[in-house]
Structure formats: structure tokens, C-alpha cells
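Scrolling down, you'll hit the structures one after another.
In what comes next, subunit A is part of two complexes: it sits with subunit B in the first one and with subunit C in the second one.
Moving on to the complex of A and B:
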């Protein structure tokens, strides 16, 4: 009986292995393309992706499109370029748009931003999305499971004068986590990161800190973002009353912060 | 009277109007300029041109994070981020590496003043500009906004960021090495060395090597002073123009006819490069070699891949003919010489050759004859080298020589073995010499066996040890032995020590020498030698009688800037519609620059030669393309102009569909995915809605077709399945639709049996 059940399982596994095309291996800096431009200016940049040697030749297709995250950052939304009011997608030209790269080779895409003369000040953004697509000239492998790669990197264009301003709308601390809502009050996306400091009442130096990881806070259509941080364990931060200080760095010459005394339970 | 009163009233009225209108007109014209609340109107010298406010960027520079410099019609601006922008008077564009910035009004340069739009000045300085047309005020201010509000129950907080301990604020702007121009000068390295052997003699050397106005220059001079007085021991100077193919040298020359002698030689290239090098030489009389001063003409003719032929003919009748030949595995060289001087008097001939055998083995042979009569000398050598393994080989050789008084023979076997940092070499030889004519009716014979061994060991990167041993066993007489050891030790990157010692079984010729080399600073070094040193005038202290000698020498070298020889290459880069393209990377061979605001580029001082001129594709806007590189030949003293142009790229879009409902129109759901289309040598496939696109296409003719052999199952192409496109520059062609139809199997009705 055992023998009978094993055989179909084994066959099924072999079929799956035979049908699954290997995923590609590549490296890239994945750094956003950041441009401080001026209306009427044409700025060139480049995106590179390096394929690992020993794999197969890969066909890529690139496009510029609009992007925004959900408020809690758990989901991303992609729409055609020009959907958002602060989209830079229609300013972007790419070359090549579609090409094939041999294993061990480099995909280098020229990214040109032609900023309209009438563009107003502030921040504009979009993403460069590079998709792995089936090679049109490759013979079909029949029914197969194919894992295709897709990479998106942000393109942020700032036109002076840029106002970087943000507001901490709410702070919740409970069950070992902190959750703060940060809203953009400026005219350009900001990268926000920081820390929570826990000081004894009347004290000057914190007994514990918690790191707030970096996140991008856009303007439209989602000007607010929920940032979360894990609090230190009870051995570092015992229950008690503390002066809780939230400090955010949004890329200006000072930290943005709020503070209050509160009871920290576990 | 009434007329006078009327005139007075009119004058007063006009005066009153003027008094009222005057200040109002002045307020309309005069703008005030402030930086962070401080009035800088006088320095800013504001001007209104075509509705655009211009300010003097040079005068405001010290008050802004902006450095502006004007030179003639050119202006250079270093903005707040450290980026360098360039512009030209009258241009409506500033350019920086990889960037360009259009201006609402052109750059205006008036003496030391540079007027630019105030909006651009604020942007470059990283400030905000508040223009108030009502009060005619332009205010430059910082961009930071007010502090934010806090959530309920929380207290707002603004904390200054701590100073960066590294001293820097924002990281320095990334600069790409977009400009690499030919050096604006050639370099001549001059060296001077002075040395002394206390109590013996002294010497000095002067060297120079490099290029002056593109002429390869070399000089070496060694002079000594000592027991023989002042002696110019050697000297050589050479000037070579590699472009024109001319060369002049003087001093100690080597001639195939005369060997090393003093004189002067002029050589020039004739025909295609390397085809022929005639020479005209003057060799000075030298009692030791050639008693007469002679003039000689020579030539070296290239025979392509076959080899070379050379000859020299002197005014005293001496001549030399030589040649080298190479064909597949065989190489031969030979000479015939008839020299009338003391050196090499008489005729001589020589022929040597080698033949490459299988497995890397090599056979070599030499035949030579010189002199005549009783001074004739014949020689024959044959050797076979057999490779054993990488770094190891075995050589068998036999050598015969004969003159009027003796016959000699040497047979030898020699091997080399290397393993890692250790190398061993050994040679065993038998030597015989017969003297048939020394005693009447009897011949005398001398024979010996000899063993020559040497070993070297590289102990790490700092120490190298070498040892040599020579042993000889004459048939009659006692065994002779000679030993040598040396060690070289790098004490530091700038200091090295060498020790050298020899000894022999006879005790004659035992030597010991120690040498220290010290680099004091780059280009300045000292070495000191003690023991059995060789003096500058060639007197050695052998035998241990005078081992206290010391030689000290200092050497210094300088790089001297010399005039460059290159020529200029310049041009303009034009984009679509003859638009000047700024900030684009231009490459000329190994050199790089970027176009200025007017689209111009310039490479000064380009050395003569042929270069590829191109625009670097990765620095071009994505929607523009350039053609293949242009070949530019640069000659000395001739400036070249070479313009480059860019073409805008276009797109071709369309769809593949099937008219399922037969309404001759493409309706939603009728697009077919996965259909392969081929445009020239590119391929793509349709996406889910049946649409496709080819992008970044050069203008001109293209051929587009459906890959009918790769259609999805059950579909077939409908005519036409290919199109010829004419793509205008920078345009898109839309609506390139291909229709497919489903394959219909014909119904064949079965015929009934009759």
C-alpha cells in the first residue's frame, strides 16, 4: 500500500521538476534613481542589472510606470505612466526597451528624463520596471512552470524649490510594537527613518531605543504612511513609566520629533 | 498776458504731472533684491529683460553658495552641489557633464558681470526665490519650512542634528570622469647621477628621455675624472620624429660594419611605414678600431612577413650585407662583411639558423668564417634543445673551431629545472684543443672536463639567494674550482641590500662586495657599495690587497614640462533640427570631453595619429542615436573640424488580431497574445491584448513581418503578413495591424457506395 502511494508522488515530483524552468540569478544595486533637476532640463541616468554566469540567455522588457504603496506599506500599486498627478513616467525615455542578455552579461538601460519647461516645483516620481519575458524566438517548451523575474526601481525627480516637511500624526505603543502615522506636508516625497528613545522621567539619556526602518512617504495619492518598530525586550526595557521620544530624520537639517511621558507595559 | 498765464499754467501742470509720474515710473523699473533679508540690490544690479529678472551672478556669488567666473565669452559656475556648469555669452543654455539647463533669457556677459535669470541663480544656489511683482522685490531665502504640529497628548520637538564627526555634511557630489584631454605639455625626464670612490676616482652621468614637441628625445652621458684625467667615457643623443619618420643620433653608435664607434647618423623612413629606413652616417677615426673617418650609407628594407635585408657601404670601400629570414618553422640570419679597418679586418661571413621541431624542440646551428691566411678563424656550432616540462629543458651542443694554429672542440650537455621558487641549472662539458703545428712532427693536446652549476631561490617577496659553482678537471694538472654566492634582500619598500662574494681554489680573484640602495624620496636615491668595487675608470681592486674601497652615488631625476606637439580637433554636435546639443560625452580615441552650451566640443593638443571620433552611447539621451564612429586623422600643426549629428529615434506599434465576429473591426477580446513579430533583426511578441511595439528605431526603411512559422496553433496568417515601413525621424507609426484567421478544416463528405 505504501509502495502504491509513493510512486504517484514521486512521478508527480519528477514531472514538476521537468516542467519548471530555472529562475534567473542576477545582481543590481536596486538604488532609486534620484535627480535634482530643473524645468527644461534633460538628465541622463542608467540602470544596470548583471546576470550570473552559467545561466541562460534572458529576454527583458522595460517600461516606466506609476507606483504607490498602501499606507501600511504591505502592498504596492502599479498603474500606467501619467496616472498620478505627480508622475514622472511620461518624462522618461528608455533605451533599450526590449533586449536579450547572455548569461554573465549586463543589461544597461539608458534612462533619460526630459523635464517639461512648465513643470512646477516639488517632487515627482515613477518606477522603472524591468520584466523578464519569454524569448520570442525560443521554441516553446510545451506546458511548463516558468518563474519570471520582475524588478522595479524608483525614479525620483525633484524640482526646486523643494519643501521637505512631514508631520507625525499619531503614535501608538502597545504589545511590544510601536506604530506611528507620518504624513507628508511638503511638496516632494521624503525618506523617513528614525528611532524611539525611552528615557526615565527627569533623565537625559535613554535606557533603550528602537529603530524605525526607512520608508518613503509620498505626497499624492498616499501622503501618509504607517511606520512600525519593534520595542526592545523586557530585559532592556522593563515595564514602567518613561519619557518616550520619537525622532524622525526626513533629510532636512534637523530631526522631527514628538515626546510624552507614558506607562510602558508588556 | 493771458497767453503768458496760460503758458505758465501749462508748464506748472506738466511739471506737476512729471512730479507725480516720475516716482511711479521709477518704482516700475527698479527691483529690489534681498538675500536672507539683507538688501543686496546694488550688488545684484537687477535688470528686467523680456519680463525676466536678471541679476549679476558674479557679484552675488560671495553671498550665495555659488562660484561664478567669467573669462571672455565663457562663464563657469560651480553650484551648491559642486556641479560645474558652463555657458557662453548669448546662449540660452548652461551645460554640465551629462546635463543641460535651458534659460529664459540668454547669458549676458558685460566685463566682469554675468547676468543670469534670478530664478536660475536661486536654483543653482539651492535657495528659494520669492518674486513679488507688486513691491518689485526678489527675495532669496532658505527652503526649510516651519516645524510641524504634534499629535494630541504629545509635545512637538525639533532637535538639531549633531555635527558630522568627519566634518562633512552632505556627501560630496559624485563626479564622473567625463573629461580626459591630451596633456597640454610633453614631459622630459632628466636624471643626474654623481658618484665617488674615495681615493680613486669619480664620475657623473646625465640622462634625459621623453618627448619635446612630439620628438622622442634621448640623451645619456657618462664622464669620469681620476688617474686618467677627465674622460668622457660614453655619450649618446638621439632625436626621433615618429610621425615624419626622421631620426638623428650622435655619439656612441653601433654599426654592423664597425661595431661600437663614435659618429653621427641620420635616418629617414621611405615609402610606406616600415618599408625602408635609409641611413647616412659619419664614423670618426679611432686608433683602436678604425683609423680613418668615413662616411657610410646604409639601408634596412622590410620584406614584410619574410624578414628584412640590410646593408651598409662606407667611403673607404668597406661594406656589409645582412639579412633575416623567417618562414614557418625556419629562421635564418646571415651576413657578409668586408671591413678595411683594424676592427674586424678582412672579410667575414656568418650564417645562423634555427628550426622548430615537434613538441617544442629546437635545432640551432651557426657557421662562421673570419680573417684570412694565418688569421683565419672558422667556427661551427650545432645544438638541440629538448623541453622536458614547463620551466625545465635539456640542451645538447657541440662546437668546433679552427684557425691556422689550433683546432678546438667543446661538447656539452646542459639542463635547467625549475620548481616553484627554486631553479637549478647545470652544464657538463668536454673541451679539447689540438695544437698540431707547435712542434715539428708532434702535436700537443689540451683536454679538460668542466661542471657549471647554479641555483637560485626566491624566499618570499623580500629575499633572493643565488649560488654558482664552476669545477674543471684538466687531464693534466690539478682540479680548479670557483664559487660565487649572492643575496638580495629588500629591507623595506625603499631600502634594499645586496651581498656578493666569490672565491676560487687558487685564492686569486676572491672578491666580496656589499651594496645598499636607498630611495630617499621619489626621484632621489642613494647607493653605497663597499668591498671590491669597480672604479669609474675601470681599475679594480682584486686579490684582497685593496678591499677598503667604497663607492657612493646619488641619483636625482626631474620631470621637465616641454612644449606639446598636438593639434586641435573641434566640432559641434547637432541634434534634431540642427539644435546644438549640450553636455554630451564625446570620445576621440582615448580622450573624452563634453559639449558646451553651444554644442561645441574641443580636444586641444591631440598627438598626431588616426583616431575614432564618437559620441559615447551610454551618455546620450535615450531617444537619440548616433552613427558609427568617424575616422579622424590628426597631423601636426593642422587643426581638424569634425561635426557630429544625432538622430531622433522612433517607434512602431500595432496589434495582431482575428476578426472573430466578422465585422471587419478590431473589437475587445480579438487580440492574440504570443504572436512573434520580426522587425529587421529584432523580435518581439504580442501581449495579452494582442498589441506589440518596437522602440528606439532609427529613421528610415524597416521591414516588419509576422513570424508565420511560429503562429499559435489553429491560426494562420492572412495576407499581408509583412510590411515595409518608412519611419520619419523621431516619429511613431501606430496602427500596424496584422489579421490572422482560424484554420478551417474543409468538410469532405463521404460518398455513399453505389
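Moving on to the complex of A and C:
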């Protein structure tokens, strides 16, 4: 009788062990692949991911796909290559596409971009996505979610002539944050970063500044992006009326700038 | 005055021409064959640790169930500029859980929510799981070397129509991205 009860308990213990599968740990490249190319050109690059030692053997699968963020950047959409009008996803081939990596091992993927001869000027983009493939032998008991890790790095291909242009459509400040709407008016994605300066009315030098973190502003289908920046604390920027000046660097030979007087409450 | 400037100019031109012709000296050049320039190219990179599973101990299907807190870590962050950031987001791989019996009622992916956890060096965001978009869980602070949490709590909503016990499972993908030009 005792032996009979032990068997289910042992089985349950094994199932729990399977459920408590170890976390995955790896170091990945986050380097975007940036190519200034010409129609008809073939350009090679490489992506690397190192699996931490002491873990499990992991299968990875890679693909090129299209990507765009929501206007506020809180959501990211990934769709099959060729979904977007300025997709470079169908130009990309990967080797290997799927492989297993032992703990402590390295996954190296050769990324080849074959730019079509008929491609027009401007910026094209897509992403290289590397997914952890779930192990079918790792079962979860009860009601559970199983996690897989995925890394996406950008692939940006510019074909001359590239026009980088953008405009700041609006500036709003509320609840300790500033929100800028920036729209791309060129033919290629741009990286936008900069700062806000707060000047007393009539003043010439700022009493406070706020950093605008870097964000990518694409062309269609998401040509506008909300960039947010945290305002300095009330001790640095007390409530009051200020001339708010926005300076944005989009990688051209001049800054984009706008300014207006605004009331800042805290 | 004008004549004096012209004269001085002529004299300098003459001296310069003479110097070019006769005043040749040996100049010691640095011996580049005895130096080695070491160039280290550091790519943008980061180390990522994510949990494998989270379980919900559902004792009452008519109430929501919170899972144990999960840990997520992004460390050794190396990026191009001090203003670039790594974003952590999640998406369900299917619109609903896989029930223990085909056709049985189970939870939808949208029944899973998470809290705006306290993160070190990141801003956490609460959210609802989707199977069509990656929703932000956190954005690491600009110029941070690492960001992490040990307090990410997933909650499974109430679903009184669930009638089958045992395994209901859903796969979720963690996305780590810093996509930029």
C-alpha cells in the first residue's frame, strides 16, 4: 500500500520539476544593421547571441519581418516581411534559419541583404527577429503561461538620395512629463533625440533642461511619433510661466526647434 | 606705404624660393613599424534573463488569481548613445489558452494582466496581454547599465464558465528590442 502511494507522489514531483523549468539567460547583440547601399548591391552582416553557461540547450529560429511601433511607442507590431510599403524584409536571407545552441555556446546568423535593382530611393526597414523555440518536452502543470524569449534588431537600408526631414507638430506638458508629436516628412526613417529648455519669460538662458530620449520616427505606416521626456523636479523647475524651447536632432546639419510660452503646474 | 608692402612681399617670395632649393635637412619620422594600434569594436548588446513559466493556482474560477512575482533582468547594457533605451514587452502566441480537452472553455489571452511593477532603472507599465501586439512591460532608463524587477505579478481574470480542471496553458513571448536608426 505504501509503495502504491509513493509512485503517484514521485510522478507528481517529477512533473513539478518539469514545471519549474529554468530561466533562460543570454547575451545578445542589439546593434541595428545599417546599410547605405545601391540598387543591385548585396551586403552581408552578422548577428550574434551567446547563451549563458550552465543552462539548457536552446533551439532558436530566425526570420526577417516588418515592424512598427504605435504612435506613443507603448506597443510594437511585428508582421510578415513585405507587409509594409517600405519593407526590406523580402530582401533579407538568413543562414542558419534554425539551430540549437548548447549552454555557453554562440549563435551566429549571417544576414544577407540583396537590394533589388528596381528599388527606388529612400529608406527601407525591417527587423531580424530571433525567437527561442519552445521545448515540447517541457510540460507545464495546471494553469500556467510558458515564456519564450525573443530579440529583434533593426535593419535599415538607405538608397540615395535620402531626404531626412521632420517637423514638430505639438508640444504638451502635463503631470511632470512633456509630450512632443514629431512627424517624418522625408523619405527615410530618422532617429530623433534632443532636449527641452525652460527659460523665464524674457530670459536668455535656461533654468532647467530635460532630455528627450532617442526614438525612431518611421515613414508610412507610422510617420508620427510621440516623444516623452520627464520634467525636472519642482526644486529645479518650480511652477510658473516659462518659455519652453524644444531642440531636436534628427541627424541633419541643423537642429529642429520650436518654442512657446507655457504654464507649468506641478 | 603701398610700395613698401609690395617690396616686403617680393623679398619674402624670394627667400621662400631660395629656402625650397637649398635648405634641405633630415627630419626624424616616427617609426610606425614598432607600434601596434589596438582597436576594440564594441557592438550594442545586453544580457537578458527571463523566467520559463508562471503558474496560476486557481482555487476559484469566479475570482481572479495572481501568480507569484516573476523576475526579469536586463544587464550589461551597452548602446550607441546615452539616450537609447531597451524596451521589454510581451505578446501571447495564441488568442487563448490551450484547454485540457479540445473545445473546452478556457481563458483568453486578454484575461491575463500584469502590474506596473517596481523596476530598478526602468519605468514599468501595467497592461493587458494581446495576441496581436507586443505591449510594453518596461522601458529601461536611458544610459542605464542594467534594469530589473523581482516584482512582476501576472493576474488571471475570473472565468466562471471554465468547467474543466487540469492543464490550461498559454505561450507568451518576451520581446527585447532597441530598434533605431
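Following the convention adopted for this analysis, the second predicted complex is superposed on the first by the 235 of 266 C-alpha atoms of A that agree within 3 Å, B and C clash if a C-alpha of one lies under 4 Å from a C-alpha of the other, contacts with A are read in each partner's own complex, and residues count from 1 in each chain.
One rule holds for everything that comes next: a residue touches a chain if its C-beta (ideal position, glycine included) is under 8 Å from a C-beta of that chain, and two chains touch if they have at least 3 such contacts.
Everything numeric in this text was worked out from a predicted model, so none of it was measured.
*Asks:* Will subunit C clash with subunit B on subunit A after the two structures are superposed, or do they fit?
*Replies:* fit
*Asks:* Per the contact definition in the header, classify A:215: touching subunit B only (first), subunit C only (second), both, or neither.
*Replies:* Once the two structures are laid over each other on A, A:215 reaches subunit C alone.
*Asks:* Touch check for A:175: first (subunit B), second (subunit C), both, or neither?
*Replies:* Neither partner.
*Asks:* Now for A:152: first (subunit B), second (subunit C), both, or neither, which partner does it touch?
*Replies:* In the superposition, A:152 contacts subunit C only.
*Asks:* Could you say whether A:190 touches subunit B, subunit C, both of them, or neither, answering first, second, both or neither?
*Replies:* In the superposition, A:190 contacts subunit C only.
*Asks:* Touch check for A:134: first (subunit B), second (subunit C), both, or neither?
*Replies:* Both partners, subunit B and subunit C.
*Asks:* Based on the superposed arrangement, let me know which partner A:74 touches: subunit B (first), subunit C (second), both, or neither?
*Replies:* Only subunit C; A:74 stays clear of subunit B.
*Asks:* Taking the superposition on A as described, I'd like to know which of subunit B and subunit C A:165 touches: first, second, both or neither.
*Replies:* A:165: touches subunit B, not subunit C.
*Asks:* On the combined arrangement from the superposition, state the nearest Cα-Cα distance between subunit B and subunit C in Å.
*Replies:* 8
*Asks:* Common interface residues of subunit A with subunit B and subunit C?
*Replies:* Residues 134, which sit in both footprints.
*Asks:* Name, in rising order, each residue of subunit A that touches subunit C in their complex.
*Replies:* For this pair, the touching residues of subunit A are 19-32, 34, 48, 52, 67, 70, 73-78, 123, 127, 131, 134, 138-154, 156, 189-191, 193, 211-216, 251.
*Asks:* Can you list the subunit C residues touching subunit A in their complex?
*Replies:* 43-58, 65, 71, 76, 79, 81, 83-87, 89, 93, 97, 107, 112, 125, 130, 132-136, 142, 154, 156, 166-181
*Asks:* Along subunit A, where are the residues that touch subunit B in the complex?
*Replies:* 36, 38, 40-44, 46, 93-98, 108, 110-112, 114, 117, 133-134, 136-137, 160-171, 185-186, 245-247, 249, 252-260
*Asks:* Of all residues in subunit B, which touch subunit A in the complex?
*Replies:* 81, 98-102, 120, 122-123, 126-129, 143-151, 153-161, 617-623, 649, 676-677, 682-685, 693-696, 707, 710
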